[in-house]
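In what follows, a single structure is set out as structure tokens and then discussed.
Think of it as A, B, C and D in the order they're written, each chain with its own count starting at 1.
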Amino acid sequence: MNGNGATLATRPAPLGLLGVLATVGMLFAAFTAAYLVRRTAADWRPVALPAIAWANVAVLVSSGAAVEAARRTGRGPWLLAGLGLGVAFLGGQLLAWRDLAGRGVFLATGPHGSFLYVLSAVHGAHVLAGLGALAYAGARPAALGTASAFWHFVGGIWLYVLVVVSVL
Amino acid sequence: METARPPASASALAAFFVVLAALTALGFAAISWLPVVASEHGPGVDRTIVYILVVTGVLFLVGHAVLAGFVWRYSRGGTPEYRPLSPKVEWSWALLPVLALTVASEVGVLVIGGPAWSQIYGETPAGALEIEVVGKQFEWLVRYPGKDGRFGRTAAELVHDVRNPVGLDKKDPAASDDVVLRGALHLPEGRPVVVRLRSLDVLHSFAIPELRVKQDIVPGHLGRTQFRPVRAGSYELACAELCGLGHYRMSGKVVVEPAPEFERWLREQAGWFE
Amino acid sequence: MTIRSSTLGTPVLGLVLLALGCGGCGGKTSVPGGGPETSGGGSAEAPKAGAKVWDPALGTAGVRGTVKLAGKAPKRRPIDMNREPRCHEAHGGKALDESVIVNEDGTLRNAFVWVKKGLESWSFPMPSDPAVVTQTNCVYIPHVQGVRAGQTISIRNGDPCLHNIHAYAKRNTEFNFGQPGGSAEATRTFDRPEVMAMLKCDVHGWMSAYIGVVAHPYFAVTADGGRFELPKLPPGDYTVEAWHEVYGSQARDVRVGDRETREVEFQFEEK
Amino acid sequence: MIESSGHEGGHEAPRGFLRRYVFSTDHKVIGIQYFLTAVVMALVATVLAMLIRVQLAWPEKAVVAPETYVSLVTMHGTLMVFFVVSLALVSGFGNFLIPLHVGARDMAYPFLNMLSFWVIVPGCVLMLASFLVEGGAAAAGWTAYPPLSALGKAVPGSGLGQTLWLLAMALFIASFTMGGLNYVTTIVNCRTRGMSMMRLPLVVWTFLISAVLGLLSFPALTAAAILLLLDRHAGTSFYLPAGLVFGNETLPHQGGTPLLFQHLFWFLGHPEVYVLVLPALGIGFEVIAAFARRPPFGYRLSVYSILVIAVLSMIVWGHHMFVSGMNPYLGKYFSIVTVLITVPFSVLGLNLIASLWRGRIRLDAAMLFALGLVSAIGIGGLGGLYLGTATSDLYFHDSYFVVGHFHFTIGTVTFFGIYAGTYYWFPKMFGRRMDEGLGRVHFWLTVTSLFPMFLLMHYQGLGGLLRRTYDPTVYAYNAAARGLNLSITLLAFGLGAGQIVFLVNLFRSMFAGERTGENPWQATTLEWTTESPAPHGNWRREVPSAHRSPYEYGRNGGAEDFVLQSAEKA
């Protein structure tokens, strides 16, 4: 690792990952706080979530399962499946946006809709980053542990976001 | 190695710290620049300031005296020694600042400052005069409920800077007698006042230094502040929150007058739609 | 000299680019209304390229008329200028709201009358003199005026106090700047035709003025007698519009032939 | 994902100018790049400050336009906090020092480190370019409160200038986050043998805590900025309520609340103060130990105090909002916890002073600034009590007292940290010394102008002078307070002149300073065990191990009165 091995020689990846997760977690915590404050306003009208949102969850969860299988077995096809499902999730999110737009809910139509778009877009950016990490891990299997942990975290964040926007 | 005299630079630095501390202490004679107090809760605010001034003044002077003394004393060479402290000594040493600062600072917040804070944000006293102050770039609009004692309905859509600056609804009978003034606030001496605060555009802050009043006005929220003017006179209303290029010019006039004069003045004011 | 962001930016950026060793990437400074331009081109209502140049001196057709107000003239509201004592005194404490001014004969002042349609195929020489807006004793003078699209507007502060000139417009670029007492005159331009652009002073809420930006020189503002006159037009079919800040606008179609002057009357109603 | 690369198998220095000095992954080069970028930004920010002072000294001359003035105060604050102090102190010194101090050949993620620098460069360019766009630079204050920052109609600077401001800040946050990840992982994972956490130099502790604070608090500003951008450009109403009137027309927004932004902003904004101040204190500890020839007083106590400050700093943001219309009970809570921060701070301050006790003080330029820093902490820290106590803040809020206060804390403490650090570590950066005589001139010009200048601002605050006022003569009540403005402006010129001395010294010494050896200050920490300037990979030989405390000064008496941290125990 570091030169002549005089260092503690612990791998920095887990801690670096923890840092990333902490800062991403705080980002969504900040959005949650904004959501909770904003929803107390008089103009708050809940928007029904697109039905496909739940299908997307299933896709994302299966993607997580596939990546996990890839991590445990070290087999490429699992990873490819996980990647494919991740891309499918993003496509599904776009369909969800189309569903919203089709119902006349645009970014600036109302606060709940605004949050749906913003949260899914910010989450989508992290999904893209996760897909990049998984693809990188496809080339360098040593990184798969880190990449899959990030992927699970991103998946978990989306479940959390869905709970926030549908229950609160 | 020890020499009798510290090098000139050490003397100079020590002297600098002493002079700095002395001048700082002297400078706080600027406490006399606090504008005259004209509200009931004002002395509570001033008391808090003076309390902190004394506490921090003592800490500051002692700290700088020690700093200057150490610089002067330990710059003459001598034999330093390596003597790290045991955790126990460290902890017991820490007790001093921890206790002193905790007590000193919380006394300021809770004991000295608390009562004035409660006065400002507590229950509205009975018999209070209610007025409305509307902030907009870069003017203060003041509304009195008029003869019926009720504020009429307002709506943002009705606002017209020249013809209807606070957006009074002509159709509401309570609105037609509402008095609207530009940049002038009249208050009765000795009577509690509640101010409803609104903004038409950006953040403003309703500040009257003599009354020790400062309250941000948040558009979209109906704010409020309360106080009791106890000293007749003419004061200034300032905007204390950056509100644009004319922020510095967003001034107003505050006239505190004996209650009968205030009542007479108010009766003479015509309603906006009269 | 007063430093504004636009003049400040260049040296600051220059300094930085220099320091970053990135000489020669200077950007073009955008100065709103930097100087007079010679045509009101580029907008939908502006004459097309290759339009015939009309010399108003040759004009023989004309439209004129009166703007009236039906109903009881509203009382002019006094303006409370107390916060600006010098202005207050200059008006003897009796400044009045200028939004509706009715002449004794029932005609309306400060109505803006212009040829809205019918001049698209002509182009007109641009006056070299700037239009002028003056802030005197906390009032805009004039209250209503017309300018040519692209004509320089010179903005002067005759008062010792700060005014900010905040232009509200839909089709033109809005601007907003402060003119502390004693400032040099500033110039701005509205590039596109627009009736009306509003000027406001945010420091003195009672101060507002209206500027009709027109692609041609055929506009007028009514004064005493509520009269307007749009002379020296090319013969043709026109839509003439009268605009008033409180009563809105009315349009009339009119055909004028050679050596002919048509009379048009507008009547607004006070409710 | 990101693989730790380090310098696997040998550590050959990259060849070619671009790889060595421009797109370098060497933490030392990156640190110096950050530092020099900060110098450039400091020049601009200083010019802005001088314009502000000129306007305030002669308001009747209207030297700058009012709308430009609000841009000046906004940009001066933004540049100084985020693009000068953060860059020089945290990114600059942090990058340069951390691997050298913990005994690593480079940061844990060198490529990420390079990326973090090259993300901030366009950020700087965007921020400065905003002066050139129509309407000028952002003008809603460095806090960018909406609705002022959200609506171009509200102030000219809230046009394109504010958009560039937000984009530049986004790049800054991205860069700072990458840096923070590197700091934390490097400090925790890449320490050399024997370098236990309790053997870390205090400055490394401050960088660690500062990085953790940054990672946890900056996302709030990211979220706030995203929502603000959408309110500005996409017509959403996160912050914009119904009923905003401009030009007699009501805007279509509904239901937003401007206070939301303030909470999010200060959730970052307050910890940011400690993100900047803590490393300056850390540098103070290093320099004072080396020049007083004593171990810093109460190492453990200082570490715990830093941790307590970090925790407290995350839960006190509301003290910036006492008069914002926040719930008064919340105000009381924030007041109670805020003033508690003075407790760990006073422990740190007293530890710094006590470190001098029975020392053998050498007053080199680095030490002069470190001692000035101690004094500034005293003024800044105690001044905080006036503002942390809700009742007195009612009077001082948004007055020049606040301006004076934060110029001592995130202004003076941080700058003195930067200066002390520069004089101290310059030999390790460039293999040469800075000129000591010029250093002293710099110090004396600085302290004799800076201290009175910002102290006078406190008194102006007592007199009720409000901040961000273009022409204070509008009000009569502040006549006494504003009378100091001319003096303050003259002092500001003096301060500026002093900094020119520093710049001359800095650039002259880079090329013509006296050459130095490995350990010119006879200091103990690991960076002094390698040559000056430190080579690529930091040590040509094996990385030294840590065998003892980082501060064994005054150990043997006599001339060789110190023992290197890497010296094996007998």
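What we mean here is this: a contact is a pair of C-beta atoms (placed from the backbone, for glycine too) under 8 Å apart; a residue touches a chain by one contact, two chains touch by 3 or more.
Everything numeric here is computed off the predicted structure, so don't read it as measured data.
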Notebook entry, point to check: Considering B-D alongside C-D, which chain pair is linked by more C-beta pairs in contact?
Noted result: B-D
Note to self: Measuring centre to centre with CA averages, how many angstrom lie between subunit C and subunit D?
What the structure shows: 50
Notebook entry, point to check: Approximately how many whole Å separate the CA-defined centres of subunit A and subunit C?
Noted result: 55
Margin query: Can you work out the whole-Å distance between the CA centroids of subunit A and subunit B?
Written below: 46
Notebook entry, point to check: Cα centroid separation between subunit B and subunit D, in whole Å?
Noted result: 28
Next item on the list: Among the residues of subunit B, pick out those that touch two or more other chains and give their numbers.
Entry: 136-137, 161, 244-246, 249, 251
Notebook entry, point to check: Residue numbers in subunit D touching 2 or more other chains?
Noted result: 65-67, 155-156, 242, 246, 248, 255-257, 259, 471
Item checked: All pairs of touching chains, each written as two labels joined by a dash -> A-D, B-C, B-D, C-D
Notebook entry, point to check: Which of the residues in subunit A come into contact with subunit D in the complex?
Noted result: 1-4, 6-8, 10-13, 15-17, 19-20, 22-24, 26-27, 29-31, 33-34, 37-38, 41-44, 107-108, 110-111, 114, 118, 122, 133, 136-137, 140, 142-143, 146-147, 150
Item checked: subunit D partner contacts - residues on subunit B that touch it in the complex -> 1, 7, 9-10, 13, 16-17, 20, 23-24, 27-28, 30-31, 33-35, 44-45, 48-49, 52, 55-56, 59-60, 63-64, 66-67, 70-71, 74-75, 77-85, 87, 90-91, 93-94, 97-98, 100-102, 105-106, 108-110, 112-114, 116-117, 120-121, 136-137, 155-157, 159-161, 167, 200-203, 205, 207, 209-210, 212-221, 223, 235-236, 238, 240-249, 251
Notebook entry, point to check: Contact residues on subunit C for subunit D in the complex?
Noted result: 1-6, 8-10, 12-13, 15-16, 19-20, 27, 29-30, 32, 162, 164, 166, 168, 173-178, 180, 182-183, 198, 200
Check: Where on subunit D does subunit A make contact in their complex?
Finding: 1-4, 6-8, 11, 103-106, 108-109, 177, 180-181, 184-186, 188-193, 195, 215-220, 222-224, 226-227, 230, 234-238, 242, 254-257, 259-260, 263-264, 267, 537, 542-545
Notebook entry, point to check: Across the complex, what residues on subunit C touch subunit B?
Noted result: 77, 80, 82-83, 97, 99, 161-162, 164, 176-178, 200, 202-206, 208, 246
